[in-house]
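Below you will find the structure I want to go over with you.
Chains: A, B, C, D, E, F, G and H, in written order; residue numbering restarts at 1 for each.
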Amino acid sequence: MNFDLANVLVFLLLGAITAGLMLGLGWLLRPSNPEPKKLTTYECGEPPSGSAWINFNIRFYLIALVFVIFDVEVAFVYPVAVAFRQFVLDGRGLVAFLELFVFVGILFAGLIYVWAKRDLEWLKRVGQPG
Amino acid sequence: MSTAGIEIGLERETPAGLETEEMTLNMGPQHPSTHGVLRFVVKADGEVMRRAIPDIGYLHRSIEKISEKVGYHGFMPYTDRVDYVSAMQCNQGWAMACEKLASIEVPRRGEYCRVIACELGRIASHLISVGTTGMDIGAFTPFTHALRERERINNLLEELCGARLTFNYMRIGGCAWDIPPGFVKRASEFVEQFEPLIDEYNELISFNKIYVERLANVAIVPAEMAIAWNLVGPNLRGSGVKYDVRKDVPYSVYPELEFDVPVGTGERGTLGDSYDRYMVRMNEMKESCRILRQALGGIPEGPVIAKVPRTFKPPPGEVYVRVEASRGDMGWFVVSDGTAFPARTHIRTGSFSAMAIIEELSKGLMIADLVAVIASLDIVAPEVDR
Amino acid sequence: MEAAEIHRRLRDKLGNAVEPTLQDGDWPACEVRAAAVAEACRFLRDDPDLRFDCLSNLSAVDRKAADQIEVHYHLFSYAHRHQVVVKASSPRLDPVLPTVSNVWPIANWLEREAFDLMGVTFVNHPDLRRILMPEDWVGHPLRKDFVEPEEYHGISTRRESLLKI
Amino acid sequence: MIEIGLHHYLVVSLIVFLAGLFTVLTRRNAIGILMGVELILNSANINYVAFSRFGGGGYDGQIFSIFVIMLAAAEAAIGLAIVLGIYRKFETIDVEATDTLRG
Amino acid sequence: MGYFNNIRETIRTIFEGMAITASHLVREPYTVQYPDRIDLPIQDTLPFRYRGLLDVDLEICTGCLACERACPIDCIVIEAEKNKQTKEMILRRFDIDLAKCMYCGLCSEPCPTGSIHHTPEFEGADYSLESMVRRFVKAPIPAYKPTKGPETDPEIAPLLTRGLRYLDEFASPGDSK
Amino acid sequence: MSLINTVPESVITTKVDEVLNWTRKSSVWYMLFGLACCAIEMMQTGGPRSDLDRFGAVPRATPRVSDLIIVSGTLTLKMALRTKVLYEQMPDPKYAISMGSCANCGGLFQLAYSVCDGVDKVIPVDVYVPGCPPRPEALTEGLLKLQDKIQQERWLVRASDEGSAAA
Amino acid sequence: MQQLADSLLQTGFLQGVPTEAGYALVIAFFAFVLLNFIMLIAGVTSWLERRVWARIQSRVGPNRVGPQGVIQWLADGIKNIMKEDIVPAEADRPLFKAAPYLAMMGFFATFAVIPFGDGLVVADLNVGVLYITAVTALVVVGILMAGWASNNKWALLGGIRSAAQIISYEIPAGIAVITVVLFTGSLSMQTIIRAQGWAPWDWFLFANPFLCIASFIFFVSALAEGNRTPFDLPEAESELVAGAFTEYSGLRNLLFFLVEWGNLYVIGALYTTMFLGGWQIPPITEQPVIQGALQFATFFAKSYFLVFVAMWIRGTLPRVRVDQLMTLCWKYLVPITFANLIGAMIWFVLFPNGLAIMRFAMFALGVAVTIYFFSRILFHLRRARPRLRLNPIS
Amino acid sequence: MIYAALFYLIAGLTVFCALGVALSRNVVYSAFFLMGALLGAAGLYGFLLADFVAVVQILVYVGGILVLTLFAIMLTHQIAEVEVSNRSVGRLPAAILVIVTGVGMGLAIFRAPWHTAPSGEPPPTTYGIGEAFLGPYLLPFELASVVLLTALIGAIVLSRRELRD
């Protein structure tokens, strides 16, 4: 177990080390000529109009919001799904099914609510259903 | 800005609320999807545009002024550059304007050559158009397939007039070159092979659900709006207006040829949406094949060019001729003052008005839609800027 | 509808603002006094028998000999499939015309183009800026007496021909 | 070298907790405060799991920590929604400013 | 129902599209593997009318300056002078600026002998612009004088044949072919 | 401290330089920078017939990852300023191909009032390709010429007296 | 792999070395091997993608660098290492520089649990599948960081799009995985593979309709998570120039692309593990080495086939719009997977031991679809077979 | 030894990042430091053999909450302008308070007689947790879904009001 975890750790670091090594090698080999004009922000050849750090549209936020909830749900269902098999083999499948069904069902209701309230829609078109 | 009392059918409510600041994006002049050097100043709220303000002139090459310097014959190569994607019709427009000024009759064989060249050019142009639409929507393969077929048209045109893109094929009074031996056979062969490819192309991309969804119901232009904004050609026909200069103000030998004018039907969305404009182009290629087949079969004998003096001095006057270029009704306004140089030339092109309408169309669209709209309007930079 | 008829109706409406003769041709032309252009155009668009719903083209012509800038409005009616040209002239020094951009939306850009390249001022135009040339450009290039500037933002506009050696 | 034991984890958790506390106390930015809260919740979680490992209590600690994570998610969702609401109303997420600008 | 129809449509069209692209995987590519992996140099596959880089057959140039006058952008410069005694044209200079040329072919139209003509040659990329000025006259040479009958000089005859073929293919007004 | 132009010349370093140059020339990514008619031919060059991809040259949308800018078409004065900006935003080493008469020297638009006569007025050009437009094979040849040029450069080896090393 | 390390330690190969150090050595060795493998995979994938793409487009693709261009990727890589590294003046320097590291870390970590063979897995975690989903989060944050730190509007838009897209599609992907987990009772990749057999009808793909649907949904979601066509909005060239990576030059940009190409393989590997029976082969030989090699080959072939499919899809489909992307996720995939999960549960409760008839029926259906597919290909081939003809006339 | 070193590495990362959250001046930096702290905590869970919790930690915290927080930051502020002035309690008093708390709790940690059981290798956790969810913890488990549902609807309603003002 610890062995595996160490492995995982090593791989995490490996990514960083590889990137670092390559960048270091590049540092040796690449020209560096940072003129001020070169460092200007690219915007299709035009001088950029204002910083990009501005407030962003809320739509993406709503998506993230819905996601977080469902993400937690998925996290909850995983262990149950793992245990499910044993329950079925033990003949208690129906119980487990009902329990999980209730759990999933409640959240599914949430999804339907969000859907019905059209919060998943990007743009709302006037006079057009759904 | 008033739109002459026309309401845009599709109003999208931009999400009010959290006052996300308006983000000003420069799209272009160097941007993969602005065909050539167009620029849009996009006022966006996240992904949704409040409006996109076109900024043109990055390819303004003063062609109109040059016509006043190089004379009638010398201007012909420049007309190639007015709309380099389908130069043939520009050649024809200029030639027709001059012929009208000086009342010159073009021999019938010359007219047939012109029609053949123009229709080949139209296919080539529409290929680029539908190809770039595909590319802007994110499918690269249809684009290369379009380029591939264009390559074959280029080969044909090269044989006919010696160049792949800037043909300089027509002359005042006719055409520069007669049809070379074997050309008719090769061209017919191309037409035969090309027609099934249109079907393939349709199945590959036009009917693809994702593609349809990207284009249908996007940027709807109702007929009155299209007319008021002077949209022409496939863009106008996409809105359901059956108008084609070849049919309605007949010129050349088009009245002798049989073809239909495809119009938008709103088959997958609303009449006048981007998909309709796109489909009109697809269908026009088929019609062009039809015309080509007839024209190739019926080339009369005779000269291809009328006698025109080398120093061409038309009588004073003005003409305004219209030809059906690939991007629609192209108007050539030429004022002659009796000298060997035109006093004024003005070229009224389809892309110019198509570009003008974008600001109106873009309201409430998404950034991704903008590229689809540009592509579906088939805007070519030199035509806008000249 | 016949061109003569269009001309007659226009004259009925506007009286002497319209020249009495109709210049014949493929596109028959009615000469209109500069000040009356907007009114004429609005009438031509709105009259149900005329219905010129499309401004096909708008070109300005520099008539240096007459010291006039002439503006041609090529009108076309998709409803009735007839066509007419409205012409108006204005002195070269300071050409001023009323805008028709509130009649046909496309006129907005066409007028901007005419302003940019010919220097015609369109009164009441919502947004009369340069369109093709850069904002800081000097002069109206399609005028007959336009002289090309020597350089633009440090880029010289001349080039020595390679052949002149 | 001492065997890594319960105390080690408790110390780490303590520092995380203190950092969280400090964040909550010093930040005026409401989102910053929420981040501090996340830190505090995390330190609690470390404790839970550490106890479940060293206390021999089976899975209970882990299960609790999962519930805590769930609650943290719910809290973040609601909290951020409220923060956005405040921002919308007062054009700022400076928590003190919202006191004075009420209405 | 729209919902399921959408799903069905999507799957069907994607299926079809994948079949098409798969079929292209086994089709022959169009690529002409210029410059080395081709059977025939590209130049040989180009049609006679192809307007590549300009060339002048000085042997058959009459020094009439028609080409210089026809070029709308003045990228041909010819200096020819008449030898007072022999009444012969001497070409002192015949330069074409290929960097500026627009390959329109207007210069070759009026040439009486087809001396100035486009070749199927197109490889002219270079590191400097100066190298793109073609200077054809190395030393002053007398201009060609058309003979009355068929050309006999074995050096000139093929050139003239080529040139006349060009003139022949070029549609002259009123010609009936 | 980088190694650029610092290593003394020897057989090995020259070889290394050659290998590095070989990678540079085998992967010339060009920026999508179509200006006018020539841009169509540039597209065709990237398209099925000529397929620049064969030589490892692929189009890129931003200057940040491009090695090469193919100025394909008429450079108007308005655009010239932007071209300069874009060229400057490319990382070193960068190259420029001027494609077509317009970019070479203004070509047929030398008569125009709004056209910058030649791209070399704003950015340094490595290879000029004549033609109006140059056919795809001509552009391919231009690329090959550029590859030759890249192969000649010296990056690691210290600049010798003749200054043969690249700047 | 621990057994492997243990046996190495015992059999004298590393005798005398302290256990921990021995482990460290073994881990380092395997990490190194896998590192090269990953680079190779990513590189070759990029080359192959260009070739496949080219052929779909009637071109030939890179064929000059090395035989048939196979080392094109090497040239690209070295060139990019030697490219100047630009950090825009307006950008947030530390974050701008850190972003690629984060993405690389997230990407490398996934390889730790990919089972290339019976014993050929670096870390057979008990939570394997979930682990992969989790570390993808690092990539998300990396991309978001890149987009934000660039201080470029295209980059910001791309970064946010990308993040929103990846997280959204984690839900259907996660539920699809749960559907599989339901039948195996374990999250470990090896256990999932062992629950299937070598024969195609023993694969989960054909086990029952619900798993089949789950497999499709998983593939679609995985494509979306890997920012692949038709979901490549974050770097949609025609809209956002180059998305979150617009400002990245040279190597840093390449690292992101490395992640993308590598991820493609991870997708394939995951799919193979869950639905295509992983490395399962019929027992051919007793020789453990040969057996292992064969298993590896099988696994690699299967997963690379999926990589190929992804390339092929990329050559076929256009891109969806961002709202359609979200619609597809939340209105189609998520509800369908939910329903599918419930269906799968019912099925499992009804047939705890599976239904052999169903398996064979599904398999037959798969074969039928494939045959129909080939007939369509033939149809298209016959309908139009254009050739470019050069005219050898002059 | 390596084990201990790894522990110190990860614990150090966690502590460092936690302090980073507390002390960095830019909210965005805080957020990215938070990610480090969360990852570090996940690593600690790994050391405590709670692999499932560790993965869920990454999945939910890093993949979900952190991204949500980042979005919220990007949504609300001129992030670049978050300045030192944005403090509610001064740094000094806060530090004092924190130190006092720290000392107190530290004492508690080291004084308290923690009952520690021998730490053996526990069975696979995921299965156990699942079993517990379906068994003794069924009610909290089902309640969790209700809580999540409430949170979802609540958050959506809250944000939506903003959206549809």
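Note that a contact is a pair of C-beta atoms (placed from the backbone, for glycine too) under 8 Å apart; a residue touches a chain by one contact, two chains touch by 3 or more.
This structure is a prediction, so every number in the text was calculated from the model and none was measured.
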item	value
Farthest chain relative to chain D (centres taken as mean CA coordinates)	E
Chain pair with more C-beta contacts, B-G versus A-H	A-H
Centroid spacing, where centroids are CA-atom means, of chain A and chain C in whole angstrom	57
Centroid spacing, where centroids are CA-atom means, of chain D and chain H in whole angstrom	6
Gap in Å, rounded to a whole number, between the CA centres of chain C and chain B	24
Distance from the mean Cα position of chain H to that of chain G, given in whole angstrom	30
Chain F: positions in contact with at least two other chains	20, 47-49, 51, 54, 61-64, 78, 82, 86, 89, 91-93, 105-106, 108, 110-111, 113-114, 118, 132, 135, 155
Where chain A touches two or more other chains at once, by residue number	5-6, 8, 27, 29-33, 38, 40, 42-46, 48, 51-58, 60-61, 64-69, 71-72, 74-76, 78, 81-84, 86, 100, 104, 114, 122-123
Contacts with two or more other chains, residues of chain G listed in rising order	23, 54, 56-60, 80, 82-86, 125, 130-131, 135, 148, 153-154, 156, 160-161, 163, 167, 170, 185-187, 237, 241, 246-247, 250, 315-317, 322-323, 380, 388, 390-391, 393
Chain G residues touching chain E - in the complex, by the definition given at the top	52, 54-60, 312-313, 315-317, 332, 373, 376-381, 385, 387-388, 390-394
List of chain F residues in touch with chain C within their complex	77-78, 80-81, 105-106, 110, 113-114, 116-118, 121-122
Chain G to chain H touching residues, read off their complex	20-21, 23-24, 92, 95, 98, 125-127, 130-131, 133-138, 140-141, 144-145, 148, 156, 160, 163, 167, 170, 185-187
Interface residues, chain A side, partner chain G - complex	3-8, 10-16, 18-20, 22-23, 25-27, 29-34, 36, 38-44, 48, 51-53, 56, 60, 63-64, 66-67, 70-71, 74, 77-78, 81-86, 88-89, 93-94, 97, 100-101, 104, 108, 111, 114-115, 120-123
Complex interface listing, chain G residues touching chain F	50, 54, 57-65, 69, 72, 74-76, 78-80, 82-86, 237, 241-242, 246-250, 253, 388
